């Protein structure tokens, strides 16, 4: 089994590439209609690449969900959080550097409308889908489903569906895809609330059928 | 097995998220070329998420098809219809709320040209594909096929391919993706006709081969 | 096994829906950047829907290939050709009718540049991919691969990659996606040449490995 | 087993079609928002088509990786390099010819910003993903993953993610998708560096678990 350090490095690199893509795509075409699918695809590939090392969380909201479900210890979850957030900040830098901009900044921008409800829904949907598939032994399609959901929610929400505290923090410091520090804090609260919604939905709306549970024992 | 209530809640939430996406995506970009694939993707994911709880119908036309095929009782079908329609109205509200607009309205808009033929074809194709795959034990790819068909038919028809009475009713009350109440009634009639076309096509054009039927007994 | 009539009806409907989509999508947005993927997706779905009835050819070039390979008799192939061409003409009508236009016309338009080389490459690639997958028992992914190739070749060729004589003939009579009758004849010649290229490529560049052939016997 | 000549021809044709698509798509729409996914799809299909003949490298960077991993001999790798580069130049010609332009030229254009870091990241990600999947016996999804990564990296990097020396060389001579000869040399150096990054990442970040390795023996 990979050591915790190796897992943390995988999470760190995966988030860095994803946030690098978020920031980098904005340099090529500020109104590129394909920006959202590009980012969805990048995230899906990074989840795939890190899945059998770290579980491919790449998102503190996902790690929080698995910690609540006791599928990762809280001490390991803390290491994941740190790696993911550090990856988000590195990604904010790399995204610019791939376009010849080597600076970071502290943002104060305010984006979106109805954005807190948007983040609750975007995060709840993401975590519900992941938890649903993980509990049915269909983890192999999680990378594709995560990509599809981020593509969808990134396009229909008022916030653009960060749905990820590490991405939110990385973007606080980016030039090309900014979220203000203060607004970002509210985003993260909404994302945590979304995780709770997903936990409840998995228990009461789409629980694993009892017969199947027994069969697995 | 999940209770009928749980199934109805799954249908309710699935339709609400789908209609919320239909309405929400229009706030971000009224002429977003990706609006149709976004919605197709959202529907596919919701079908996937609810498939092993309620069967992932999320559409009274699909429920009607399975009731005609006696794969769901008529009393359960009525509960599905109610849940789907209520989900459609909630979705019309959520789609606006995710962009800071908390109002609903009664629409009178008239959209499309050749729209009744369009709805017949869009619904017949959708239900035919679902019935074809369900009868071949290939239900696992239904979420992706539904998404692809809605993407295609949403782009080549004159009506935008609602192909779904619950969506049609929800949109009667939405700000951002309106269908007029009166026109919507004709849409629903055309959608019911599309279900009948699909039933006939499955019986006479793509029936399950007899040898395979025997093998299953 | 389905009768020849049933197979012909499946081919007829499949081509009609595909050509209906080609024509219909042009009414919604003459420069819709998603027109090509919409059509690719429609074709993929129709191939899937008709695959276990007629084999899902939906293209005289594909039927010609399987006739040359002796996997369909020449008399059945003639019935397929007739059904496919009739489907193409019906589709040209339906595509307009879905947008309130009930007329057909005889076209004289000339489209594209370098279009004959384009049709050879587009058809050769399509048939090579289908023949390659069919010979490796990977027929289940043909619908998706056909969609992806038509999406790609439709975008990089000078002709738009009809790659299909039935589509070419249907479009000779459509309002919204015209090919001139005379130019269309040259398209069809180029498409037949493309089938020959694919036959040669399958024999000499990507033959089935002999060990595998034996194992199948 | 196919002879080395057959493998080289497969690599030659695969690269020629891919580079032909890169050049050809620029004639249809110089600012086509779908150009990158078109090319990603073309590459994925060519990898699929050549996978069981030549391994579907279609990229000297990929061949270099497998040579370093001793999964292809260095002498065979040299034959692959020659075939891939010749395919790149033929593709540059075909891409124009499909649009009635039968000329090549020697380019001096300079494209992108931060382009060397971009090529390192784009190539490292591509080769890492391929090596990761190949080492887990998941080679069957490589064509789709390669397509997704090229779609993503082509959109978020400052260089457009050639990530392929044969493509880089072909484009040095194309009209419609030019890279200058001198800049191209630096691209190729960056791509080789990307291969090294991928080799290191596979060894230290996502190695195959030891238990699994044993099980395979």
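In this document, chain identifiers A, B, C and D correspond to the written order of the chains, with residue numbering beginning at 1 in each.
Keep in mind that, in the parts below, a contact is a pair of C-beta atoms (placed from the backbone, for glycine too) under 8 Å apart; a residue touches a chain by one contact, two chains touch by 3 or more.
Remember, it's a predicted structure, so these values are computed and weren't measured experimentally.
Touch-path distance (fewest steps) from chain B to chain D is 2.
Under the contact definition stated at the top, no chain borders both chain A and chain D. Look at the CA centroids: the one farthest from the centroid of chain D belongs to B.
Put simply, chain C has to spin 90° for its C-alpha atoms to lie on chain D, with the angle rounded to a multiple of 5. Counting every residue number used by either copy at the chain B-chain C contact, under half are found in both chains.
Chain A and chain B, compared by their mean Cα positions, are separated by 29 Å. Each chain gets one centre point, the mean of its Cα atoms, and the points for chain A and chain C are 41 Å apart.
Among the residues of chain A, those in touch with two or more other chains are 33-34, 37. Taken pair by pair, the chains that touch are A-B, A-D, B-C, C-D. Interface residues of chain A facing chain B in the complex, by the touch rule stated above, are 33-34, 36-37, 113-114, 117-118, 121, 125, 128-129, 132, 136, 145, 148-149, 151-153, 155-159, 201, 204-207, 209. Residues 1-2, 6, 9-10, 13, 17, 20-22, 24-25, 27-29, 32-35, 37-39, 41-42, 44-45, 48-50, 52-53, 94-101 of chain C touch chain B in their complex.
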